[in-house]
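What follows is chain A paired twice: with chain B in the first complex and chain C in the second.
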Partner chain A sequence: MTWLIVSREIREFYRDGRFLFGAGLIVVLFVTAFLVGFEQRKNVFSEREVAQQLDYDDWVNQPERHPHDAAHQGMHVFKPIPPLSFVDPGITNYVGSTQWLQAHRQTEVKFRPAQDATGLQRFGSLTPAWIIQMLGPLLIIVLGFNSFSGEREQGTLRQLISLGVPSWKLLVGKALALFLGALLLLAPLLMLAFWIAFGDVQAGDRYDVLIRLGLLVLGYLVYLGIYIFMVLTVSVLTPASRISLVVLLAVWIAGTILAPRVLVDVARMVYPTPNQVEFNAQLNQELRKEYTKAWKEHFGVEDRWGTDVPLSRWGEALQVDDQAGYNAIDRHFGALWNRYDDQQRLQEFFGFVFPMLSVRSYSMAITATDFSHHRDFAVSAEQHRRLMQNLISSELVEHADGQGEHHFDYKVSKAFWSRIPPFEYAAPSVLFALQRSLNSFAIMCATLLFSFVFALLSSRKLV
Partner chain B sequence: MLKANDVTKNFNSHIALNNVSLSVTEGQIYCLLGANGAGKTTLINHFLGFLKPTSGEVLVNGKNVMNYPLETKRDIAYIPENVMLYGVLTGLENLEYFSALATGRKKPKDLLMKLLTDVGLRPEDAVRRVSTYSKGMRQKVGIAIAMAKNAKALLLDEPTSGLDPKAANEFSLLLKKAAENGVAVFTTTHDLFHAKETGSRIGIMRSGSMLAEFSSDDVSHTDMETIYLKNMRD
Partner chain C sequence: MKNFLNILHNEWRIMVADRSLFLVSLLLIFLLGYALFIGFTATDVREERIRELEVQQEQKLSATAKQISLIESGREMPTAFSNPLNPALLGSGQGALHAVMPVSPLSPIALGQSDMLPDHYRVSIRNKTTFMYQTENENPWNLLTGRFDPVFVLVYLLPLFIFAVSYNLVSSEKEQGTLRMQLSQPVTLQLLMTAKLTARMVPVMIISILAITLPFLILRGTAVTASDQLLYGLVAVLIVLAYALFWFMLALFINSFGFSSAGNALILVGIWAFLVLVAPVLLNVYVSRVSPAPSRIELATETRLITIDGLNRYQELLSSDYRHVQESSMLLPKDGRFEVPERLQAFYLINKSVDEKVGTLLADFETRLFAQQDLVERFGFVSPAILAYEGLLSIAGTGTRRYQHFTGQVNEYHQQWKDFFEPRIISGLAMTVADLGKLPRFTWRELDSGVVLIGSLMKALLIFLMVAVLFLLGLRNFAKATDIV
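So, the complex of A and B:
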């Protein structure tokens, strides 16, 4: 019985041309988005691999020189591009993808506060994720706004009810029909992503990508499911299709255009983050305190890098200075990043009302393009920087400090450079993504359940 | 089979039904006569559970319509004044859909086609979209839907409105056949002559009240005319 209803609904979508028009438009957009995203990704992908290799070659081929000079030159590391970032680039385009590992301090280029983890998502670009998040609900509205109100106007609703069709079956049948429409919308995503997963990714990553794809589809179906029941509820409750359409378009605008922007600002108000100048000022102040304390403890001097500490202890001083800084850096960046997390969580929470907020963060987590993934990379790069610094300062302590006044004449042999390994970053597995997306997924499921129950209750009295 | 016990229905201050009682047994054809606004459709809507009586009760096969909304609907087939169908589907597809929903299983195409031609729809019309149909053609599809349901009771609200005389006649025959098979038929009409011809029992209603009820065999044509005119005149 339910399938009868489903097939009639679909026949109607198809015959009155709405479906072909809507889906056709979306497929065209999809293909465009994919091709653009994929092309970009391919370019950047190869560029980055080459660049990182060249940079390391430069490092290894340095002439014999004082290692601290080398540390100032530093090393560039490149963030790998997650395979599914072409589906949802997340914050990829807003945070730097390169990190300069150099002496003395963690670089903050990629944390320009104008690009903090949440503010970035203000504007969409033509990506598959954007299409599903924005246009998916719109397609469902176009297909479903009159599913009940239209039948009421047409008079067929009474006919159906008089036949003894239970209203919940009507609801489920109509929901399933819209669901199939949604699936059709996701089909191009699945196919193309599948193709890429098997064409482009290294064999080892394939399962990881496949699991992510599955999770992505699941999440988006839950998201679209929320809209399906919302659309059906409005269609039951409004007396005329025209009104239903107006109400639903208002809901759509509020949920996909206004809410995401407004809540970014709300999150910032609730959890303010410093701008770059403020952040740097605070960090520097803190660093100065730590440095002064460390120099005083170790060398009993007030002046950092003053003449009171002989050159025979310069390497040791570097070690002390670096170590003193690490804590302050960790604390400061940690606090900033936790703030971003708080902002993110607050927005996710509003997914109860505006599902786009939770699906957005779910999608970014699953495609490994959200802030937590970026943070993981940044931490790992910073560890590599510390590895480099520590190796260099111990080299200085062992060999250069002994030369006393001639400390700066010390030059390491070329063999030393390759003792610092190339930066190899293992991107977190899907488990990490799962953990990060659990919250938003739970919120979406709860909202889906709520909207289903609400639709069910409101459909009890149809005529 | 169909029973109304002291049904009163108020729309705000307006009394649409005033203590109406009637009963339609198996094999009976009950014709309800009444001017526009008498309350005929309102009464039918009570049998369908679309309206809740202000007082009194409505029973189908002994079950209260309000308490058993789905079960009671299973026993009745309904043809409204204006049969409403899906415009983008053909007459045949509409019949296929509604009859499958009513009975829970799809009927074969040729059987459905026969049902449609039986009520006087031409086969070439049956495969056209309903949006191109005339009122009478839609009515015929509605009749076919009701027949396909094989229900124990038929609720008909001016079912022949829009039908040409030939089709109306054939429809009367269909009703009689159904009644012979033990179906309880309840139909409203403005057509005195038609009521006398097909009905086994006739009720006359005005302003929500049942004024008179009698067996069609008990009265002659002229008697009926007198009764009707007397009761309809203000």
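So, the complex of A and C:
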């Protein structure tokens, strides 16, 4: 009987234009988003690979040169683009893509794509994830707002109940029909799964991508499921379709438009972060302290790079200076990034009430486009820079320091350059993503359960 | 006219009685107030930071002046890497000055790009890539979400409040059966609807305008009533009025088809979702396709190649001996001349050539972005939300154009700075206290206010045009529609 209800509901969707119109519009947007995202990804992807290879080739082929000057040339490393970033680019537009590994201090990952776009960018980006997160719930509301209230207005609800249809079956049937609608919405995503997993991605990564896609579909089904039960509950509890619609639209706007921005403010108040100027000032202060300490310990002097340390110890000094800075740098960047994490966790937690917040976090983690993935890249790029620096300093200690005043005349042989390996970044596996998304997934499931139980309870008061 | 006023009067009585208008107004005032609070706080933080930077800068300059005179009189000994007499050092990290873009008095209206793009750069003799790539420290998740500023409430939420009071102008009367009764009086449907709409329009618009303007007048009275800012403010008010009117007229137009209340609500929210959520995003896709930003990867590669080239070209200067580090006599000037270490000269020259080559690439980025913004201006008419947003952003001084205007001026200033130091570095002149007073300072030139005003005014007028069209279409529908009743 449940299937009878389902098929009847679906027929109903088709008869009035709502479904065709709404879903049609969404599918058109979807396809556009896919094409745009996929093309961009492909272009940038190959460009980055080529650039990084060229970069390393140039590094290895340097002429004989003072190693510290070579470190001024440095190496560029480019953040790889995760295969599913075109489904959900997450924060990609708002973080850098390129890191220049150079002498001296830790450099940031530069070039945020958002810098090269107009203010219009701040309205959002046309991506599949954005469409499902923003417009998916709206489609469900449009389809389902009158599922009970409409029948009540037409008088068919009483007839149905008098036939002995249990109210829970009616609820499940209607929910299933809406679920099928939602699945139809996600179908393009699934189809693309196969297209990509067996086309563009390297063989070794195919399973990884497939698992991620499966998780994405699961997550979005849970997200849309929450809205399905919410829509049905409201439709049962409100006296008229008009009121049901208005209530649901208000809930949608509050949850997808209003809440995310309010919670940004809340998160910033609870976990404030320093601005650029403050951050740099604090970091510099701390660095000065560390440097002074290290120079005092090793060379017994207060002044960094003063006249008291002879040129024959400059290689050593460089080593000491670098090492002294690492701790302070790690501590400061670590603290800032942990703050970002805290801010995100707090907002994610409000997914209990506003599911958009948890699904967004979940989706970004699964597609490897959230901050934790970015951080992972930034940290390993910095590790590579330190490896480069350490090798260079020990080279200087071994050879240049002996030359005293002619420290900067020293030129290292070409063979040295290839002792610094190319930067090969292994993106974290799906397990890392799972770990990052566990929280938000649990929150979504709890909300789903809650909305299901609530719908079930309210369906007992059908008539 | 008398009928019109009568209807108006009665509608107000009803709305006061059922409290709907009261609730809507209260919520609107609350949201706008909160958004303004966010806007003012963010602006205060920026202003405070700029003040701090300026204070720090002046302190540092006077400390440097003091150090120079101490060294000149032989009471202090400089070190190799922190020697204010050395122009190559003073022109780079040690003495670099800030170029700052001031905060506009009306910027609390829209935070715009201010949370992402820096409003200050520390300009030095090094190449542009060393200081121009700086960005604000902000959680990318927050940047992605956007802030709760007044422009958000006005562009996204105000239309929804307008729908809340006007989505069922006809349908509710019809559903309650009062429409026939009303029309049995000597009034036309057009008059009735216009009056009903006016009854809602007037209070909502007055409230939104007052909720925005009063806090400004109270908190920033003197700044915003300065002559040009007053004009800016007036244009902002016009934009808000036009934008609100647009949504009222859209409600009137949709009402004129005589759908059910639920149908009206659905269609209106659908149109809202399209115009406010989807259209800007689509336009953004279009704009970035037509005028795509050049490749940052290419820029990175190019920068590196130029650096390599420089390292090769100045190999000899770079490997010069570094005796001066050990011999303090070399750290002091002789007859006003200062021997700038060849290695530092080499770095200056490398930076210079990086600037020359990268400059054209960077200019390409600016041109493309400029072209993108042009396209946004040209095709903004696809949605009043885009027009209103862009208009308010340029009034608030947080839009793309002003930031580009700033980077343009920073480029000029960078050139002046280098022009000042280059002869000193190349021919080895020691820096003096008098030189510090002659350091080029950045002076901000504001965007041409005429251009900003006319641009924003045009946007308001365009929305007014849409308003007129919708109004006429709505009235025509009401005139023809005998079947509504």
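Throughout what follows, the second predicted complex is superposed on the first by the 448 of 463 C-alpha atoms of A that agree within 3 Å, B and C clash if a C-alpha of one lies under 4 Å from a C-alpha of the other, contacts with A are read in each partner's own complex, and residues count from 1 in each chain.
To be clear about the criterion, a contact is a pair of C-beta atoms (placed from the backbone, for glycine too) under 8 Å apart; a residue touches a chain by one contact, two chains touch by 3 or more.
Since this is a predicted model, take the numbers as computed values, not measurements.
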Touching partner for A:V95 - first (chain B), second (chain C), both, neither: second
Comparing the two partners chain B and chain C, which touches a greater set of residues in chain A: C
First, second, both or neither for A:W417, with chain B first and chain C second: neither
Partner chain in contact with A:A51 - chain B first, chain C second, else both or neither: second
Chain B versus chain C as contact partner of A:R8, first or second or both or neither: first
Partner chain(s) touched by A:D265 [first = chain B, second = chain C, both, neither]: second
Common interface positions of chain A, toward chain B and toward chain C: none
For the chain C and chain A complex, residues of the former touching the latter: 38, 45, 49, 52-53, 79-81, 112-113, 116-118, 133-148, 152, 156-157, 160, 164, 168, 260-262, 265-266, 269-270, 273, 277-278, 280-285, 287-289, 293, 295-301, 304-305, 307-308, 311-312, 315, 318-323, 325-328, 343, 365, 368-369, 372-373, 376, 386, 389-390, 393, 399-400
Footprint of chain B on chain A - complex, ascending: 1, 4-5, 8, 11-12, 15-16, 154-156, 158-166, 463
Parts of chain B lying in touch with chain A, wherever the complex brings them together: 48, 50, 70-71, 73-74, 76, 78, 80, 82-89, 93, 97-98, 100-102, 104, 106, 145, 149
Residues of chain A touching chain C in the complex: 29, 32, 36, 44, 47-48, 51, 54-55, 58, 62-63, 65-66, 69-70, 72-74, 76, 78, 90-91, 93-98, 100, 110-126, 130, 134-135, 138, 142, 145-146, 241-242, 245-246, 249, 253, 257-258, 260-262, 264-265, 267-268, 273-277, 279, 303-307, 310-311, 336, 339-340, 343-344, 347, 371, 374, 405-409, 411
